[in-house]
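Each chain carries a letter (A, B, C, D, E and F) given by its place in the written order, and its residues are counted from 1.
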Amino acid sequence: MEKRVITLGEVMMRLSAPGCSRFTQATTLEVVYGGAEANVAVSLACLGIPAAHVTRLPENDLGKAACQSLQKMGVHIGHIHYGSERMGLYFLENGAMQRPPRIVYDRFDSAFAHIKPGTIDWEAIMKEASWFHWTGITPAISLGAAEVCMEALVAAEKYKVPVSGDINYRRNLWQYGKKVTDIMPALIERCDYLVAGLTDFENCLGWKSSSFEEACQKATDTLMKVKKVAFTYRESISASHNNLQGVIWDGNKFLESRNYALTHIVDRVGGGDAFMAGLIYGWISGHDDAFTVEFATAASALKHSIPGDVNTSTLEEVLQLVKGENTGKLLR
Amino acid sequence: MEKRVITLGEVMMRLSAPGCSRFTQATTLEVVYGGAEANVAVSLACLGIPAAHVTRLPENDLGKAACQSLQKMGVHIGHIHYGSERMGLYFLENGAMQRPPRIVYDRFDSAFAHIKPGTIDWEAIMKEASWFHWTGITPAISLGAAEVCMEALVAAEKYKVPVSGDINYRRNLWQYGKKVTDIMPALIERCDYLVAGLTDFENCLGWKSSSFEEACQKATDTLMKVKKVAFTYRESISASHNNLQGVIWDGNKFLESRNYALTHIVDRVGGGDAFMAGLIYGWISGHDDAFTVEFATAASALKHSIPGDVNTSTLEEVLQLVKGENTGKLLR
Amino acid sequence: MEKRVITLGEVMMRLSAPGCSRFTQATTLEVVYGGAEANVAVSLACLGIPAAHVTRLPENDLGKAACQSLQKMGVHIGHIHYGSERMGLYFLENGAMQRPPRIVYDRFDSAFAHIKPGTIDWEAIMKEASWFHWTGITPAISLGAAEVCMEALVAAEKYKVPVSGDINYRRNLWQYGKKVTDIMPALIERCDYLVAGLTDFENCLGWKSSSFEEACQKATDTLMKVKKVAFTYRESISASHNNLQGVIWDGNKFLESRNYALTHIVDRVGGGDAFMAGLIYGWISGHDDAFTVEFATAASALKHSIPGDVNTSTLEEVLQLVKGENTGKLLR
Amino acid sequence: MEKRVITLGEVMMRLSAPGCSRFTQATTLEVVYGGAEANVAVSLACLGIPAAHVTRLPENDLGKAACQSLQKMGVHIGHIHYGSERMGLYFLENGAMQRPPRIVYDRFDSAFAHIKPGTIDWEAIMKEASWFHWTGITPAISLGAAEVCMEALVAAEKYKVPVSGDINYRRNLWQYGKKVTDIMPALIERCDYLVAGLTDFENCLGWKSSSFEEACQKATDTLMKVKKVAFTYRESISASHNNLQGVIWDGNKFLESRNYALTHIVDRVGGGDAFMAGLIYGWISGHDDAFTVEFATAASALKHSIPGDVNTSTLEEVLQLVKGENTGKLLR
Amino acid sequence: MEKRVITLGEVMMRLSAPGCSRFTQATTLEVVYGGAEANVAVSLACLGIPAAHVTRLPENDLGKAACQSLQKMGVHIGHIHYGSERMGLYFLENGAMQRPPRIVYDRFDSAFAHIKPGTIDWEAIMKEASWFHWTGITPAISLGAAEVCMEALVAAEKYKVPVSGDINYRRNLWQYGKKVTDIMPALIERCDYLVAGLTDFENCLGWKSSSFEEACQKATDTLMKVKKVAFTYRESISASHNNLQGVIWDGNKFLESRNYALTHIVDRVGGGDAFMAGLIYGWISGHDDAFTVEFATAASALKHSIPGDVNTSTLEEVLQLVKGENTGKLLR
Amino acid sequence: MEKRVITLGEVMMRLSAPGCSRFTQATTLEVVYGGAEANVAVSLACLGIPAAHVTRLPENDLGKAACQSLQKMGVHIGHIHYGSERMGLYFLENGAMQRPPRIVYDRFDSAFAHIKPGTIDWEAIMKEASWFHWTGITPAISLGAAEVCMEALVAAEKYKVPVSGDINYRRNLWQYGKKVTDIMPALIERCDYLVAGLTDFENCLGWKSSSFEEACQKATDTLMKVKKVAFTYRESISASHNNLQGVIWDGNKFLESRNYALTHIVDRVGGGDAFMAGLIYGWISGHDDAFTVEFATAASALKHSIPGDVNTSTLEEVLQLVKGENTGKLLR
């Protein structure tokens, strides 16, 4: 059996108002299922990298639909657990032009938030894992989720599974009584690869750095396992037009991707997860950082053209954009 | 200022799979807002009876949309409170033929569940009330909701406002630590008009009656204020075909409506609320029970032809069906 | 050039609330174009009988779309005139179960209502006509329309073109200052074939007959040209379930079709026009009345299964139902 | 009771072809209700300013739906009258890229066009009014509408209600036999605040000014009550890309807003009404002209991102754009 | 690893006109993927029986989508092959009332039709198989498909895998130059369980039996392996109303299910496949024929309520209908 | 009878994933009918030039729908033949931003591919023709199609009908055993007007030119009848943003149109066919090349704003863009 990239995190039902309509105009909502980590698993599966997602879903028709959405895309669902609690949800108004997207989260008390240490057989999973990926959203959800995340990191270390963590600090979560700085440092230092920005380092590790370079240098110098840091610079001209550039800090210097003008944005959600999947693809396939940052940023750019949370581009499609040939051109 | 019928209860966002599709097939969900008591308020407003709904909604775009859905139909929304908690939701798969509708409730911990005694100024409201209506769903949601319901009943009594209660026992609620029989009897005996079936009496009052007639007789004989009991008999041939008949117990005997063959059902939800609104219309307008039971059952029959939770039929439309002229016939 | 059946009448834009939704729920309206006489032309074209429709449309994008809807179905549009006035409209709520369909007409002051005698070159048209068909809606719209109708009948008589008239009395029209009995008798007596019911004879000719048979006998006995009278009996169980039977009075007796149970009605509008087209098909093709009444009623039954105003069934489809083989059965 | 901004004008049903499709492609039309003045009332209600709209609607399901659309958004509908005539309509093809939007108006002979002096109790209304707003569309519809508008202005003057008028000259209206210069001067000089451009002054007052500044100076110098003039400059790169800048003439000089690049336009209709509502918000709240012109132009910019006729942005949303922080950026 | 039911056959893209609309009205087509044998695999997976489907799909986005539709429902897709040819398609007009459904097949020259003997490693598959199912459609498609089917039957026999065959004779296929009676007898006699009707026996085996009982007796008496024969009687009242009863011939007698009145049919396609899956469920789980025929017919009845080709009912849902409790009743 | 422009070529059903969704996301596909040559015929009809399309369609409901789509737009369909084979199809994913559109063709073995010499009565057609247009797609489909194309060219020459050919080389076609250079030269030299680019000349005629100018000079100098060559330069910034400029080589020099920035592209398919129709409009109406190239490029620009394969712009709409007044501006 091929080894799989393992991702851990909540899968939510996303309910979005159609097109550019507002919540108070919508008579239907469009449904997809996603979550920062599951999006990475699906993207990797579309790129041809075997992936399995670990989560806990409600034992009802919504949980079943969420599971089917992963299964459809070829993500292994054998490690998913079920419980009697509710589905995590989020409501999305897409925004357009100068009007920003709006999100109403409704994820408290979900089946995933009630996950408990001991639920997941991490030893068995990590034995067959090629990579482990987590994000800073999981430990922000509940103490149980944070503990399960730590269990995974310990098992990953034991079985020498490379680990990536997308710090992704979310101020509105972290409501279960622990401070982010109580929890995150121990998790972050168990990563080989980080996606983080200047404020993520500040919020999660308490670092006050004068520049992103200084923070990256400190991360690769002082954090136990961290070898590389990646990040995307996003300039928001409007909800319909962003500019995007990715960077990788390789321990000594920054490798930069080209800068994409993302005009005519279709769906902005999941752009970071597509970048993350692109990074894992590059690193797990043994590419160098110069290629990897171009690949990951191209993957992220393509995500903005696809409705839903996930970049479903194939390897060939991302490579075509990396090469920059015939961008957007109809080939018959 | 005209006096208004006052209704109290949760308003939920209903998310239904389109047409006959299943949850796992749906890529969009249709959105309406409703709740057993709010549905009665909207129906009454459509029948020309001023109505106001009392509830507590989340202070976000979903709560605003729920409020607008009542306001659109002419229900007074001046007594609605807002809080920081979530919107109650329910997911609906319509069913068809031999396949029953399915509901996934997701209403725990909602803004309404967090309502507290003292929130609503019932004295001010009841001074201007023509009627008060509640259902057995409200006291089943939380202790706070039960207490607020009792506050309303006390104030209604003080200002001599007629009270109707739809017992509507829901086994899946009642999870806050009180037994239904601890709470419901004191609320039920403060009603002038009840909608209840044999099992509702058994579950809420602990009565073991040998017949519905015996239970009704006991209700009007022994419960402090109760004057009348109404109910609908529903025979389910399939999800698409029910037969429906309404009855009123007037203290001495049953008045029965004609029996409607409800073939080609469009939306079964809210059939009972439409019946309830029809009863209130009949009683508040001074009609006799023979008319009232025909009117209420016709209103309920029409509801089954209307998508959504609410019977939006006008007075003229219900009366046309009561008269039985040109049923379903296109008049140019 | 093959001779064509000529129909005269207004083409309206129909705007219908989707599915079973009510006007006040609809956020989109479905658009088709139709009119009692144009529906007959389209049906005949679908049955393989060359047909041309004569009307007057507004010279704007809506008039163009109406014209294209006829052209698409193969109806000759070379005799259509254009003017600066508005498009006639009607709004339709489909109804369901015990709830009747509702129509809001908005056809006053339309381009067709402003048609004037002399506009249409009836001589040229009738020279190439195989049949002429009109309905009682046209003379009800405006004096100009009534006069144009009379012009057509005179020219038809001159060129010995058989004429059918569907009396179709509409009380809400007839607002231009003439009484129906001032206008209709002269038009009716120029028909060879009538579709009319007991009340149509009463309203348009002032006849008080004790039975439909008596009225038919009087029509074929006393009206100048009338040879046959046809009609459909429609029993409305609900908006979703009608029973339908067609009859032809052949001057001496009634020929009756089988009685169709029309359960699960999809679209009731245009049922009469489909019957009319079926009659013309039968008569123009030289079939006997026994066949013709079965064919026309089968055509009308099929119309109820088709969204929109028009029966687009082919000859083969109607004949299959007439034969009664494999009704509704999937043949692979 | 809080005083309300009063708006007067026709409410039309808007029927638009979905997305970028053309009239001749559309099989459904999207329905919203709007009118230049009602759009202002709804926008103000969304900004938290109490508002009431005065109009005359048909007494049918379409008039009811139009009324509900205002009521839903919190506009007071107690001063709306009903009549037997038709609903005013307009058909919209959105346009895209180099292809302009197209409108087919169908508003003649509407219930509003038949409004008559004496219908509205302006004395009662103006007693409770905080502001009165009208546009040049109303007096262009019919003599009755022009007279009712004058009645309102006289009553506003009597009760010292500030008045704004959006001149909005429409050449295609003005078909009832009066010249625009017979009617408009007397209405315009009763305004405190005008929205008008150079050609509006020329068409409605007969002024031939060499510059917009000259016209504005003349307006504030010579027109009885006029204190300020506002306007938007719109540069049309394509149907999908406009540039927009607002200005206020304060009697002495122009205050200019920033210039918005409106790329990716969602719905261009109602941009001027959103600007108007923004002006009223600024002025009625006591803000200075520098703030007011920025606020109104930001409101107008946001409108272009919202489907339908109306800017439903909240105060907080407009202020966020005025501040220019995080334009279009997803905030979680 | 759990053993799986193996199904073999073409998966087609189904393109159906929405609702009751006709092909010539449809501006969109609804897409699902299905095929007689794959439908059985999906149904079994929904009932909790592990299943794998064997087929050959085009190596393009359509083939990928077809594969994902199976994968989503939990069917194992590891034995699917890919080729350069086209996707098999069929176009469906649903029909309604007296108007029958229409199908336009477009499946010639598909990737599946080009399957060749030796492509599938049947030895490896049958070692892990719990059951093998095929239908008479596969050998009708191409000689290669017939040969692959025979390969499968030989391997199944070798590994003692029970075999079911749904004879399903389709006159319009069989165009590759072989007569049905040249091919089918050898395939049929390798089955343990048959689904066949009187005409299937006649067309495929050349039997002229005087009754279905006689044919069944002959089948179980004379065909090498055949133990049981099952069939459904379907009475077509209209496209919207069928009556359905299943039977199993157990070698000696018929076991009959109850007769379902299928009014309000949602989607008639795949009713037979749902029956087949129900039979396999019953037999593979060791139930007796009396239960199995009730279970399979209930499964088929439920299929008619579900849009698409497949019965996605769970075991619990089918059992609830078998028990006949609360048919179609909303349970909260 | 007015003479018509005659076009020859396959009409395909186009099935496109809605909006920006991907094939694997689509649950519906949007249906239009088109083909390079039929698109020219429809465009010309919309511009007021009589046109007839010659093709061969399957004799089923899909072929009927394709025919109706031409008939609707006023294209003469009297020369269309029918056969028993299948409808040619293509599946389209629109693309967006940096993600290119994707097409899956499924047109082999279509009714058109089976067209045979002798099928079309070209003598009768060319007698009444004002122009003949073909493209390089037709001879690429099958030998029969190539032969029919040559028949048409011979007849056109006989009746002195001007001929335009859009070379449009498609590498993926040409699978019937002939080399492109065996077939195309004889067809190309029978054209008066060519649309071709540098690589078209190379692929079809084997010319290796150092510049487009050199190739054009060679074409007008050496090819028997060719007088002019036209082409469009398209720069693909992204799938949503192209730049477009047209040129005509008049035998001596290039005439260039303005360069259009096509941001916010709605539908890119058919841009070349709209250009072709614009050229024919200009040339057949006697305009000079300077006007013609502006007109044709404006027509092509407008096409990009219209969903579907065809530019349905009217003459007035194209002229308005040529004049460059009020580009994209709403005129009331």
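Note that contacts are C-beta pairs under 8 Å (C-beta built on N, C-alpha and C of every residue); 3 or more make two chains touch, one makes a residue touch a chain.
Here the structure is a predicted model, which means the values were calculated and not measured.
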item	value
Given chain A and chain C, the chains that contact each of them	B, D, E, F
Of all other chains, the one whose Cα centre sits farthest from chain B	F
Pair from C-D, B-D or B-C with over half of its contact pairs in common with A-F	B-C
Chain D-chain E separation of Cα centroids, rounded to whole Å	62
Chain A and chain B, separation of their C-alpha mean positions in angstrom	44
Between chain F and chain C, distance of the C-alpha-averaged centres to the nearest whole Å	41
Numbers and ranges of chain E residues touching at least 2 other chains	22, 24, 27, 68, 263-264
Chain E residues within the chain A interface of the complex	68-69, 71-74
Chain C residues within the chain E interface of the complex	260, 262-266, 298, 301-302, 304-308, 312-313, 317, 320-321, 326-332
Interface residues, chain D side, partner chain F - complex	19-22, 24-25, 95-101, 103, 105, 170, 172, 236-242, 263-264, 268-269
Sites on chain B touched by chain A in the complex	15, 18, 22-24, 26-32, 60-62, 64-65, 68, 86-87, 89, 91, 93, 102, 104, 106, 108-109
